[in-house]
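Following are the structures in question.
Heads up, the next two complexes both have subunit A, just with different partners, subunit B and then subunit C.
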Partner chain A sequence: MAGAACALYAARAGLDVTVVDRGPVAGGTTGAGEGNLLVSDKEPGPELELALLSNRLWADLAEDVGEAIEYEAKGGVVVASSEHGLAALTDLVAAQRAAGVVAEQVPADRLHDLEPHLAPGLAGGVHYPQDSQVMPTLAAAHILRASGARLLTGRTVTEVLRTADGAVRGVRTGHGDIHAPAVVNAAGTWGGEVAALAGVSLPVLPRRGFVLVTEPLPRRVRHKVYAADYVADVASDSAALQTSPVVEGTAAGPVLIGASRERVGFDRSFSLPVVRALAAGAVRLFPFLEEVRAMRTYAGFRPYMPDHLPAIGPDPRVPGLLHACGHEGAGIGLATGTGRLIAQVLGGKAPELDLAPFRPDRFEEEAA
Partner chain B sequence: MNPLEPARAEPGPAFAVTLDGREIAALPGQTVATALWAAGVTSWRTTRGEGRPRGIFCGIGVCFDCLVTVNDRPNQRACLIPVRPGDAIRTQEGTGHEH
Partner chain C sequence: MSTDLAVIGAGPAGLAASLAASARGVRVTLIDAGEQAGGQFYRQPAAGLGARRPQELHHQWRTWERLRDGLAASSVRHLTDHHVWCVEQPQARQAGFTVHALRGPLQEEPATVRADAVLLATGGYEKVLPFPGWTLPGVVTAGGAQAMLKGGLVVAGRTAVVAGTGPLLLPVATGLAAAGVEVAALVESAGPRGFVRHLPALAAKLPEAAGYAARLLRNRVPVMAGHTVVEAHGDDHLEAATVAALDPGGRVRPGTHRRIPCDTLAVGHGMLPHTDLAEALGCRLDGVNVHVDDEQRTDVPGVWAAGESTGIGGAALALAEGHIAGRSIAARLRGTAPDPRAWAAADRSRTRLRDFFAAVDSVCAPPTHWTEQVTDDTVVCRCEEVRAGAVREAVDELGAGDLRTVKLLTRAGMGWCQGRVCGPAVAGLAGCDPTPARRPFARPVPLGVLARAGHPTGTDHLTEADHPTEEGPS
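On to the complex of A and B.
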């Protein structure tokens, strides 16, 4: 998705773009996500700024391809089950509002106006009207098509070609060389491998997540609804399994249930304890789900960076190499802003957000 | 060979189930799908989007095309669930949750 968005904005800036993917479109993390475009789960800081920019850009894109990519500006609802949780959520909301997020506190007795099927007895919640959703596979495909970029799928980049003085001059693939003065590494969870081909380190690690998919239902879950402890899980550095219920309906009918996080490498094996925990958490939020059948699950690997910020922008270690990866679980949402910033850098303009927090070489300094 | 006839099988006595209230005969060991096929029914669901007819596609529980309502529970895979005496099988429209 990040690559597709980079292609779109770079092509719009007048650049000649070729997209190379070792698999099919959306064959990696994009196709394993839920398509969330969230501001609600982000604490104030550079990631939230990027999310706000990205959400505006998604809304612009939706004017052309919104229906095709199942864009829904449906809003998010975060609920707290205890007074303690609600107090923490209230603090977060105050800080988010100051950063430009639209958020309305919803007292316990009004939660059911927003979500009639929510469990009783919750302490309260917050409504985030800016939270939106797309169907990520469709979004990547339609945005690639809209970009007009040359698309080469099923081609693995085996080498980053460099000039004698070290600058990038293209990539080598199993099907030949592609010459270009700039290469954008948008390989998601595998971004560290592509960086290594260019001789630089980028600490992208996989953080596994499962999603549980129910049978198609009439619209019973109107927003993206999740428990307040999800924000803490997202920000956590732990490698151990964490689950917090995230429930949302989709345009196609099935309800998607997340979210689990664990660092187990690229292990794709199914985990019954994880999906059991997801199902139990979802039923706590929406008791009617107990009677609903889960059809399937899917798993994916979020591109996790040690400080939870993506790597965006030029790599000072290799002239001509840029990175647009490491967005963890927010890559669909943050893709548009990322693409816009990359296109601005490629076009020689000043990026509209400060790229310093996203510098790809920031971890090297720490190590040194 | 007639696919509607058992091939060297010796099933127990037939029992009755209903499809939309109409009685049909089923044999022990059949799934809902095979019972419906044996009764000459090949379609028992219509799609959510365009109302197109659906029945067995993969037949092994993978594709979720053969969904059916049995005893008021919608979206069960007809190819996997064993048919039981007295089952009330209903053709399913849309998500199966709309009425």
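On to the complex of A and C.
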């Protein structure tokens, strides 16, 4: 997804773009995740700014390809089951609003107007109209097609070619060299490996997630719904908001329930305990799901970096090398903004967001 | 409920294994989705139908009687109507596998069995490739026709064409003919030379094959080797099928089309093994088959596999493999290594039949260029109504190159059957390998059942997880 978005905005900026992937389109994490474009789960900070920019860009793109990529600006609903949780959520909302998020508190007795099938007895919630969704594989494929970039699938990059003075001059693949003065590393969870080909370190690690998919249903879940009961610590702890799974309907009918987070390397093996927890969380929010059947479950590996922020922008260690990876659980949502920022850098313009928090070499300094 | 050995699948493999193990003192629970034991081959007429002489439809009736009587006389506990959706690995602190099943008319009541060892004897399912008109009522799978004959005793129709490839077509054609159906043609895509070459081999290695050939002749079933069905015709029901000859390269020969009136068209292109349960357990596959060693052990300790889940090869092979598995399990559960000489006879038939089916496999393949007959508007995935044109567009224009991406771009394989039916067809159209899809749920499972699975107390805390798990919105 990140590569497709970079290709689109770079091509629109007038560059000649080639996209290389060792697999098919969306064969990495993009084809193994979900397509929530969320602002609701982000605390004020650089990631939220990127999310707000990205969601605006998604809405623009949707005017052309919205239907093809199953774009839906359906909004999110975050619910709290206790007064304590609600208080924490209220604090978060205040901070988010100050950062430009549209959020509307919903008292307990109005929650069912938004989501008629929600469990009874919730303390209240918040409606986030900016939360939206796409179908990630369709999004990557159609955005790539719309970009007009040359697409070379089934080709593994084995080397980053450099000039005598160290600048990038292209990549070597199993099917020959591709010459270019700029190379964007959008290899997601494998971004660290590609960076290593250019001789630099980039700590991208896999974080496994399972998603559950139900049988197709008539629309009964209208928004993206999840519970935020751990927001209590928001003020003291800057770690990501912890929540129960997001439950959402899809254009095609099935309800998606996702997703778990575990650091278990690239272990694909099925884990019933993890999937069971997802099911339990979903049934707690929507009791009617008790009887609905799970058809399948799949796992993907989010590309995460130690500080949970992606690497976006030029790598000062290798002229001509840029990174656009490490978006963890938000790489679909943040792809458009990432692509726009990368294109601005490539076009010699000032990026519209400060790239300092996303600097690819930020961990090197820490280590030093 | 706990047991020494859980056998999943009560076909020839599962039955043979259950009897062999239980005769050696193993407590066996035999679990099957069906109402009765028997699996595909010994599929039983439902008791209520009061079939007077079901044996007329059964070629190996005596073998079946031995298994059935053996089961009744044994201490094997047979759980019918149990649809297994997942076999769970032993958790760190508790020994044994947990077999999760669903029962009841709607398959929504949970049932679990704990076992020290598991045998996967889940058999296979039919492979059917699409062609224009294949979704018309009246077009059935070869196995569907056979099941109608054996299970429901319904005469499938008055005039039938049996088409596709592989040894399954023979019993289906003779079975239909014996039940009084006029079989207008047996259309086999393997070339006449291959067919003629392998018929004697069939006859020599599988005594029943000679019988099929004789019966085909006796019933005057015209055999059209080196032919394929190119289209089925009809408005709301099948009225005719067009068949055509194939050239040696596997392409339809122009000008050889012939229309055959019929009201039943039974098609089959071989079988594929059921591997869902094995894969969720982490068992290694060889291509599309569950990998096993000489004792029928998978590479996951405590898990054995036998019968068609380990490779397609007919009922006799399933029996031999099941027998070997049962004896191996009995020894291994006692902590001893089995002596393979004890099952030398079964081992010999296993080798002979595997060789034979490998040879059959090399002859009986769908026409190389079968996809050329599939028009863009032919439905490929019936569950999601995805047409061939959409699959081609995903590959040619959207950059898909494998089954998974085609599925994600077109929804082919996302429906009720989870791609079991359309997988080979989509792979063929996309020009990629038919990689087995991962289906951790062998059956759709209600979320409420899933949420409580493995928790007798009904709590849903993650106490058994090996790794701390968090959940999050993305």
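Just so we're on the same page, the second predicted complex is superposed on the first by the 353 of 368 C-alpha atoms of A that agree within 3 Å, B and C clash if a C-alpha of one lies under 4 Å from a C-alpha of the other, contacts with A are read in each partner's own complex, and residues count from 1 in each chain.
We take it that contacts are C-beta pairs under 8 Å (C-beta built on N, C-alpha and C of every residue); 3 or more make two chains touch, one makes a residue touch a chain.
All of these numbers come straight from a predicted model, not from anything done at the bench.
> Please tell me, clash or fit, for subunit B and subunit C sharing subunit A in the overlay.
When both complexes are placed onto subunit A, subunit B and subunit C end up clashing with one another.
> With the two complexes superposed on chain A, say which partner A:Val246 touches: subunit B (first), subunit C (second), both, or neither.
In the superposition, A:Val246 contacts subunit C only.
> Looking at subunit A, does subunit B or subunit C touch a larger number of its residues?
When the residues of subunit A touched by each partner are counted, C comes out ahead.
> Kindly classify A:Ala294 by the partners it touches after superposition: subunit B alone (first), subunit C alone (second), both, or neither?
The second partner, subunit C, only.
> Looking at A:Leu217, would you say it contacts subunit B, subunit C, both, or neither? Reply first, second, both or neither.
So A:Leu217 only meets subunit B here.
> Considering only touches as defined above, state whether A:Ala196 meets subunit B (first), subunit C (second), both or neither.
In the superposition, A:Ala196 touches no partner, neither subunit B nor subunit C.
> Which partner does A:Ala95 contact after superposing on A: first (subunit B), second (subunit C), both, neither?
In the superposition, A:Ala95 contacts neither subunit B nor subunit C.
> Just one of 289-297, 415-423 or 433-441 in subunit C runs into subunit B once the structures are overlaid; which is it?
The one stretch of subunit C in steric conflict with subunit B is 415-423.
> State which residues of subunit A lie in both footprints, the one left by subunit B and the one left by subunit C.
Common to the two interfaces on subunit A: residues 215-216, 293, 295.
> Using the touch rule from the top, collect the residues of subunit C that touch subunit A in their complex.
Residues of subunit C touching subunit A: 86, 88, 91, 108, 279-280, 282, 394, 397-402, 404-405, 408-409, 411, 414-416, 418, 438-441, 444-448, 450-455, 460, 462, 464-474.
> What residues of subunit B sit close enough to touch subunit A in their complex?
48, 64, 67, 74-76, 94-98
> For a test of understanding, state which residues of subunit A touch subunit B in their complex under the given definition.
Residues of subunit A touching subunit B: 215-218, 253, 293, 295.
> In their complex, what parts of subunit A are in touch with subunit C?
23-27, 31, 33-34, 36, 38, 40-41, 135, 137-138, 141-142, 144-145, 151, 153-154, 212, 214-216, 224, 226, 240-246, 252, 254, 257-264, 268-283, 289-298, 329-330, 333
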